[in-house]
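Below, subunit A partners subunit B and then partners subunit C, in two separate complexes.
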Partner chain A sequence: MSRDIEQRTDPERATVLRSDQDYASISRAISDSVLRPTSRGWWLGFCLSGLGVLIFIAAAGYLFYAGVGIWGVNTTVVWGFAIINYVWWIGIGNAGTLISAMLYLARQPWRTSINRFAEAMTIFAASIAGLFPILHLGRPYLFYWLAPYPSTMGVWPQFRSPLVWDMFAIATYIIVSVLFWYTGLIPDLATLRDRARSRAAQLVYGAFALGWRGSAAHWRHYERAYLILAALAVPLVVSVHSVVGYDFATALMPGWRSTLFAPYFVVGAMFSGFAMVIVITIALRAAFRLHAFVTPRHLDAMAKILLAASLIMGYAYGMEAFMAWYGTDADEWRQTVTTATGPYGPAYWGMLFCNVAVPQLCWSARIRRSIPALLVVAILVNIGMWLERYVIVVNILSQGFMPSQFRLYFPTVWDWATMLGSFALFLWFFFLFVRFVPMVPMHEVRKLAHDLGERS
Partner chain B sequence: MSPNPSLLAEFGTAGQFLDAIGRTRAAGYRRIGAYAPFAVPGLDEALDLPASRLPQWMLIFGIFGGASAFLLQAYLAAVDFPLNAGGRPYFSWPSFTLVTFEFTVLGAALAGFFGMLALNGLPRPYHPIFDATNFDRASQDRFFLMIDSDDPEFDPYSTRRFLDSLNPIAVTEVNREAG
Partner chain C sequence: MGQIFRPRANSFARIALLGLALLIVLPFCIGFALVRSPYLTGVDDVPHQPVPFSHQHHVSGLGIDCRYCHTSVEHAAFAGIPPTETCMTCHSQIWTDAAVLEPVRKSWRTGQPLRWTRVYDLPDFVYFNHGIHVSHGIGCTTCHGPVGRMPLTRQATPLFMSWCLDCHRAPEKYVRPREHVFDPDWTPPQNQFAQGRQLVHEYQIRVGQLIHCSVCHR
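Up next is the complex of A and B:
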């Protein structure tokens, strides 16, 4: 029986790393992408995304100067693009931790090559997400009032509000993600320190490597720390996006007050995050020729997770509509009907198309292994998940209890500038990341090579 | 303090490396250092290292973080400045569980990261073993086994002969403080 399983899984396992790789070639290929001179394409991308960052800074600067009224929010739809983008970005961020932590606990060998940039994606996306709750405050300079500190006023934050939980959840999430990411980086920074030929690179990587020597005692504590951090990160991710769900679910608004929101938001986060990881994986694999480390097997596995998450999302959408019909709440049912047929109907049907219909293509193994097809599916999922947050935030708010208060939301140029600027900020961080940090964890790939059968 | 330098043997595969550690321990050496470019499965067992104390530290700091967060919220909301927020009870403990959970994770994670560094004696940018020939490959593709000259079994000639008998790529000397 066990031999049977071994025979079935072994060829599959072997496909996560091209067989011509040994320890030396792994170290060389990955560290060279950092240590070689800067390419022209990198400068181009860095400068173009830098221009976008300037747009973001300008949009935020004008917001601080003129006030939150430059956005399209009104007294009915008080949450607009800022909260949509906040939820979208934090959702993107969650998949990185799930890949590095959950798949680590599940001992999935295909996680190894992609976990470093998935984690980087998490940190950048969570940091960008963390900006939006501050930007959308009317008085952003007082955001530190959310922290419990002994002030001369003697007042404290209101711990019964999910928006306060949000602050703690995001801050904890960013800190723990950075620690987890940096822990995984230390042995790789030691490799860069030892391979670097310029004095400056040796000093900088040597300083960040903290004197890592790779001794048996080091590895013993390291493995423990990494394992337990992974075990902590999984419930942390679930809690972070559940809190985001509670921002809505603890309200009285029909369409928001659903007990389904916490798990449904967590799965949605995993869904959109995996879609983003697919986009990034395809881009980095082509740009840096990572074909030895990122194989069709990786894309295949991620596409399967995308499909599974899409089915759960479809179930959640169905259950929302069913419960509204099955329950006795007239407002809930009116919300559901207006969502599908009202002014925001196209966003709702677009969401269903992108999130439920399109990912069904992943049932086909040919689609899962076809890079262009998977890229299209992943991009559509990201658009669909943005529409989902748009439907939840704007559409629900626009039609609450009082018909005299029904109002539509029209985003202004500043809404769009902040949103596009946040994309540019993400890209800009990513350009810095691929230039200075090894994008594939070398020591973990070496261990994978060892597990798959050592070559020397 | 013996004036002899310690000896460092270099290996190309994890299999040879583990085998060499086993034979070194069988030969009676106890002060052995081992350096590898990744966490070699079975290395702890081969060296008979005690279990890491890190999990206990993480547990203690996790409980500390969670308990202090819960007590802080309960004290601030129910004792220090009780405020009727939406008719909720002052001690509305279900609302306090989220932040309690986040601080449990934060306490344990900080203890895990800084505890790992502390137990490993990091940061320590310079270490005498970095001066050893070819040691820069310990972070890339080579495995190193060191027998400390403090070891009671250590003898400059017979230990070198013993290391040569393990078929290493090379045997080099390390400044004795390398430890």
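Up next is the complex of A and C:
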């Protein structure tokens, strides 16, 4: 980043980092959370979420043993919780890349302190999302048939199916996210290597730091590589969630066959992802006393994005209903009316309440900077976005063209166990992350401190 | 503070990079080779049979036509394994004391059929029809190998789907005149392609439809 751009960007810049921080205190505060002995709270959380992971493994194991019929899906509603959770998780993952890549390209200084755990969130959420399309296969052990490889069968995947695009989208997304995250980590791993006292930590962090010496040539290449990855990641993240939208939009189902779905899914993903980042930011800030690095300014900025996304979501919901009314398709209009008034009506109205009404609170600067209020808004948005996928998947499928085929969907205990298990898996990954990886990018915060020092 | 890594760590790093690359590439190569190897396809396997039946002796030595035993091959989907009665048309008179034929005689006495081991075993989701191939000029040895020279029956071809499709996409590479279908010593002539194209036309083999799923996976 060239300094002239930074200096004209933001008069509020100073508020993204508390002014009492210098290079040493930044490095100490952040690397201590990794290098210090493990705290009791961490063990507690790690073990509790580990129990949840066992639930997930048990649910998946029984699924593999007994078959996909243990879920509540039926011949009409063939996609249930698995696809809802898939879309929800991949949407959560979306915001991490947007924070680390899009805000990097947009030179937003408030990105600095939150991008590391936002990217970690992306990797974990995308990995969990990637499990669901495999779990929901009737024959999950043949999932590799989705990959194009020279098989003895002489057959290849059907490249006209968005479910095949999904495979490529998720795989690429996970790989690029990991590379992007790791690239950003290398200078920090070198810091950990140099600050570590134990031989084991020195070796491990030293190996992962790949011999980073912080020379001018290193930094030059690093900045260039990071910029290129960021520029690649933004179109990637947009296309990944567009592809998820195409899973529905390329179908003929009334309520799905919409040209709006790709941008609407991307914004929805950003919406739920930012809501999740807000939850995680607030939690980590309290648990690890990151008050110097995560200031009300960060929450304020994220709340504004939440608000902007909720307006677009409101527009999309309105436009769906409007086009159904404005168009000439009777099925489309019936679907819209049934969505609002039918058996899944409460989910629809709950979605509108959580996604459109509640985020309007963020017009108020007091709400944006109030941690409890913002936490409530963010959690409601995550619930609302889950309900949105519930409405799109279950409600639309339950009432297609043929009235004789109308069915309702009742999730079973295994649906719930898989879903709650996936939450636990996410938490478990996160506990590992905060223990072994610096959760705030030290070198970027040091650079922020440097820029601030030059200006004052 | 001393150095964390000694100079020889440079070599470790290079080896690790190479190892990482191999770790990604090798499983694919091994898998690719393994599924095509006789270990998994069963090519050249000679399964144990209750009676060491020799095609070499009966086909090349005695000149018995394939259809003498595999009677339904021209008309039915399943070529059939001959019943004990077929064996006994001769072996009630010759080699009546041979020890190797005792299971055949026992089967004849008791009425219990012989339990032959199937050599060419397609999965049951594949519907294979012998009659259609025989009537359209696909000879026995194209798929079953030189049966007339096999003392014990072995699997000559891998039965991969891509192996089937290879012929279904370009049958002119393999098709032969109908009168040579049961000729165990037929070899493709110099002008196989020209003759094959001619025969494909003559036998009305509808090449464009042969690779649809419904042809085999009914």
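The working rule: the second predicted complex is superposed on the first by the 442 of 456 C-alpha atoms of A that agree within 3 Å, B and C clash if a C-alpha of one lies under 4 Å from a C-alpha of the other, contacts with A are read in each partner's own complex, and residues count from 1 in each chain.
Rule of thumb we're sticking to: a contact is a pair of C-beta atoms (placed from the backbone, for glycine too) under 8 Å apart; a residue touches a chain by one contact, two chains touch by 3 or more.
Note that the structure is predicted; figures quoted are calculated from it, not measured.
Engineer: Taking the superposition as given, does A:S151 touch the first partner, subunit B, the second, subunit C, both, or neither?
Structural biologist: second
Engineer: Comparing subunit C with subunit B, which touches more residues belonging to subunit A?
Structural biologist: Counted on subunit A, the partner with more touching residues turns out to be B.
Engineer: If you stack the two complexes on chain A, which partner ends up touching A:Q202: first (subunit B), second (subunit C), both, or neither?
Structural biologist: After superposition on chain A, A:Q202 lies in contact with subunit C alone.
Engineer: Determine, under the contact definition given at the top, whether A:S27 touches first (subunit B), second (subunit C), both, or neither.
Structural biologist: first
Engineer: Considering only touches as defined above, state whether A:G211 meets subunit B (first), subunit C (second), both or neither.
Structural biologist: Touch partners of A:G211: subunit B and subunit C.
Engineer: In the superposed arrangement, which partner chain does A:T336 touch: subunit B (first), subunit C (second), both, or neither?
Structural biologist: Once the two structures are laid over each other on A, A:T336 reaches no partner at all.
Engineer: Overlap of the subunit B and subunit C footprints on subunit A, residue-wise?
Structural biologist: Subunit A residues touching both partners: 154-155, 193, 206, 210-211.
Engineer: For the complex, give me every residue of subunit B touching subunit A.
Structural biologist: 12-15, 33-41, 43-44, 47, 49, 52, 54-55, 58, 62, 72-73, 76-77, 80-81, 83, 85-86, 88, 92, 95-96, 98-99, 101-103, 105-106, 108-110, 112-113, 115-117, 119-120, 122-127, 129-130, 136-141
Engineer: Going by the contact rule at the top, pick out the subunit C residues touching subunit A in the complex.
Structural biologist: 4-5, 13, 28, 32, 35-36, 158, 160-163, 165-166
Engineer: Could you pull out which subunit A residues touch subunit C in their complex?
Structural biologist: These residues of subunit A touch subunit C: 149-155, 193, 202-203, 206, 210-211.
Engineer: Can you tell me which positions in subunit A touch subunit B when the two form their complex?
Structural biologist: On the subunit A side, the touching residues are 22-24, 27, 148, 154-156, 158-160, 162, 164-165, 168-169, 172, 175-176, 179-180, 182-183, 187, 190-191, 193-195, 206-207, 210-225, 228-229, 232, 235-236, 239, 243, 246, 443-444, 446-447, 450-451, 454, 456.
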